[in-house]
């Protein structure tokens, strides 16, 4: 099974994929929760519009999303230039950009998961917390958040899984630079583009599958544990 | 990060095997190495346009290099046409088909009700060349409705090697590497625009080793590695 | 302590227009399903913003629509005990109990142990709410509200989801809040028994309007309310004090202005106040003092009022040395005995018919368990 | 009709081991919360597969673990009315009602209109369940079960989720099923009043075991069950017939072997059977025939048994010409009157204390509404 | 705004995309419901494995999924050959193949949606239906199915949206044949591959966005209607 052994460069890609997916998942989480809250609870004018925008990355070919990111968040793009100048945050051709692309692509899935769990929360518990003196923010932190934890975990895992598989938007936005932006998926893609690359593609695919399966299993275990802890009183 | 250590090469994905080998050899010789980012030429060009930290761009066709040249994003005097390639007609290895490629050859008949696999005729370079050749040879009209346009040459190759399509048009470099297909014939060089891989330094390139790697790619040491993958090396050897 | 409410609110066809004042002790909101009890208590608690009106608790204006005042619920310092306990399922009982305590300024916090002991939930602290029985849940919910040091406790049918024996378990705790902690309580119920036992002030709601309001004893004997309170509803509430304990027979002697009454023993010291609820259906009348009867309590009184008949029955209000008593008889008996206002009659009440008959017993055992 | 149950089942520490037989009329399963009532009815209904045992209804074996028989619930032809109505929220009332009817062979289908009329839900047919009141929902649920032409109706605390006045609305309908449709019913309850009113056969469960089973009247007067049935529980059930109607005073005269009794009027023709439930707490005893008393019913009887005292109270069983009667007195009264088995005494019962006092009235009006 | 006008070929792509997405959504629906049922209610050994397999298309780069489809469902693939021989169903180079690819890619999203709604069903209603004489299949059809309708609608719409955006797996599996397998996404992709194709890509992107937004809006309206109809009794 020596063909299963990964080259150092491939190890780098695996490591990078994990890092990118992890941060994509983590960094988009607060936004995911806020947007899910707005969609689940908010009654405002642009509700449907926001819902539509959140779903855009799902609807558009990833390449288009990648190009849009490049235009907006690239070094010369309006948002990219702004963030660079005032906060020193640079996405273009950094692993951070790969994480951004993955986060954007995974965002609709994360929001869906969290939104559904928010809609299932018994708001009467939140009211009860309010009568005990907790202000709305504290109610959210101590009551709502723990109750939607299973949904958040599910959302995080699906986002992580999606981020592991994403490459269309990533490769278009931040290219395919080994050690910096070449994720596992991009490496697999590269293998599929050259003669004789099939074995390499297969090898990396197996790695990707194993990682994603592990994440899914972990999430099931976690969700079950959390669900038991918060079983309806 | 990326600009810190090594020169960065943006290269068309089909060059991966050759460039990886050359890069390894360069490292062995000089203890320096290049970082190569493989993707579609289109994506790479647009990335360079939006400020990617690339030092060298190798495109799979002239169009995307011209695109950057027009926008003044490459150093014009560094531009060299590095490689050439051929397109061939392939069939699954057990296929009995025999065709002589020439003016007026009847490709449609050979296809029967099967499809001709080739790269996207408007997007993928190999597809564009294949279409040009078929037009030139008068076979296009007969097969126009029977084309399966793949997202890349490799996908077209796969369609033939899996027996989905009885015939396909791919680069000689790809055909050589797949034992599941056989080359039925090679398109005459004059039937299509020359298949060229231009290379150039980007406008913003500042890496001290970029020029050296550019030169190494054109050197006699790189030549056999390109040729091993089936490319024709067009540039004159540069001595270092 | 004072509660001063004057609000109107509209839900579609339903219109709530309630005005009343309450004070210390338990202010009970009584009425049928849909009469607006929950809406009203929600307005007090800040869960519902009334269309118009004022809510003033102890001189603090919580709502005044004219002046644009609406104190949000988490700043009202009112405890709220809901019908369904609404415990936080993801926290232990202990963390549930302490939830509101952190919001109370350090100086005003109440001690945890006495409340835990009083409610008898010490052994549950590390458990999760999911595993508790209905009665246990509701006790924890009460403790949670108390530990938030409320100025006023709101309870919306806190016993409605419990079966009879669980109700009997909880009632004594609520009495203790009223009597020992001296916590003012607004208590919503449609159970006459609960109201009779707990209420200091009684507000009867009917279709969103206040049909009657005042001291519980006064309101309960009003014969004209029986269509609202139902046939089990009318009765008299008599406040007395423990005069003696009869250990041998397990009885307590209660001194009232109308004379001494014997009831199943109540675990209170001599001199302690006791409230008796005598339901009209449990009172018999006789035109002479009965002899050889098992009933222990015979009270002489003068017929003050005869209500209008409902079906076969009619209610009669007596005045027994200033203490009111209500009896329900058949019209046939009324005629047979020839009863009329002004006549002196003897009311016969069995000792075992006093409500509460079991909670008194249970109270002792629950208190033991809490130690 | 016969119901023959002998099952055991274990849930963790709880063990159900029940064996009893029932017949026509209402077989009531009575017991405290957690005593296994729902488990037992679920075994009959096929919702729960017992670890071991047999369930035989009318000679048809539904469960026999030894022979490996387990008829799935949809083939049992048993109607099940749950505590929460469980109406299908996505269907109109009409479609809910007709849901089970399609599964009944054409020849055995019951007509829809009479059942809709009997339950008084004709005006609700096009509504959705979400908009109905609790009482309406439960009536629809009963109708839905009936229209599936069940051989036997299972009811698991069908009134528990309703408030008092809604309960009063539903009870007469259940009586009609028993008396007019002659549908055998297994009825789970922990309310003594419901059981007293409805049960033909009474099965008392305690901690998963059958503590008593038999004809309701016999079981209810057993003094040794009062710890299980609670202080409101014991009492006598007397079956009589309507002897006359007293229109003027709104009373009905009921003939029983112990003599005639007067109760608030019941809308039944002369000769119709009536069941009276006389609770022990409502019965007074006298050592001589009382005079000048408002109570209309005075029954002579012989003391048959004196129970063991509970607190201040003690229960006494009388034999009145073969009719049993139970009285609860204080021990003090017992001593004062010097009561002992064999002595003749007079039981005093107020007419207004008969349960049901309002359903009788409501029954008429509900029936009117249904026409 | 004449650059917004679509060429006949583009209209064809739009039409084809709608057709492919519609059938992808519809044909995968029964499987989606069955798998969601298994995952929500089933207690069997391979539960986690099934869950993992369902999520694979999310995890793998779409190109890899496309290759796998080609290997399995191609004319010479084991499943493809079987279907061709016994049922005359051919996927390769047909729009049906595009629909298969889109269905596979959208499957995890559809299953998630439906699974969550099944988990929210009050099983006591199903028991009640059983006591009324309905066998399990009929209970499912008349009670469970109507109650999970909002989840099914949500799942269908997200599958439709995803199908509109899919191209990586599609183009790899069935290539890019105008009028047969060239969907909107593939057409957009093609535009991005040629210098100066931006305007064309933009134009088609707008079309894709409009269609997807309409689908999302429609689903919200539908879901709200259904939710009102089955409001908890």
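A, B, C, D and E label the chains in the order they appear, each numbered from 1.
The rule we apply is simple: contacts are C-beta pairs under 8 Å (C-beta built on N, C-alpha and C of every residue); 3 or more make two chains touch, one makes a residue touch a chain.
Per UniProt, the chains are A, E = Molybdenum transport system permease; C, D = Molybdate transport system ATP-binding protein.
These numbers were taken from a predicted model, which means no experiment stands behind them.
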Identity of the chain that, by mean CA position, is farthest from chain A: D
Separation of mean Cα positions, chain E and chain C [Å, integer]: 60
Chain B and chain E, separation of their C-alpha mean positions in angstrom: 35
Junction residues of chain A, two or more chains touched: 63, 67, 189, 192
Residue list for chain B, restricted to those that touch at least two other chains: none
Contacting chain pairs - touch in the sense defined above: A-B, A-C, A-E, B-E, C-D, D-E
Parts of chain A lying in touch with chain B, wherever the complex brings them together: 63, 66-67, 70-71, 74-77, 92-95, 171-172, 174-182, 189-197
Residues on chain D engaged by chain C in the complex (per definition of touch): 32-33, 163-166, 190, 230-232, 246, 249-251, 262, 264-265, 281-282, 284-288, 290-296, 309, 311-313, 327-337, 348, 350-353, 357-358, 361
Chain A to chain E touching residues, read off their complex: 48, 51-52, 55-64, 67, 109, 112-113, 116, 120, 158, 161-162, 164-168, 185, 188-189, 192, 201, 205, 208-209, 212-213, 216-217, 220
Chain D contact footprint on chain E (complex, rising order): 124-125, 127-136, 139, 142-143, 146-147, 229-233
Chain A-facing residues of chain B, complex: 1-2, 8, 10, 13-14, 16-17, 35-39, 43-44, 46-47, 50-54, 152, 154, 157, 173-174, 176-178, 229
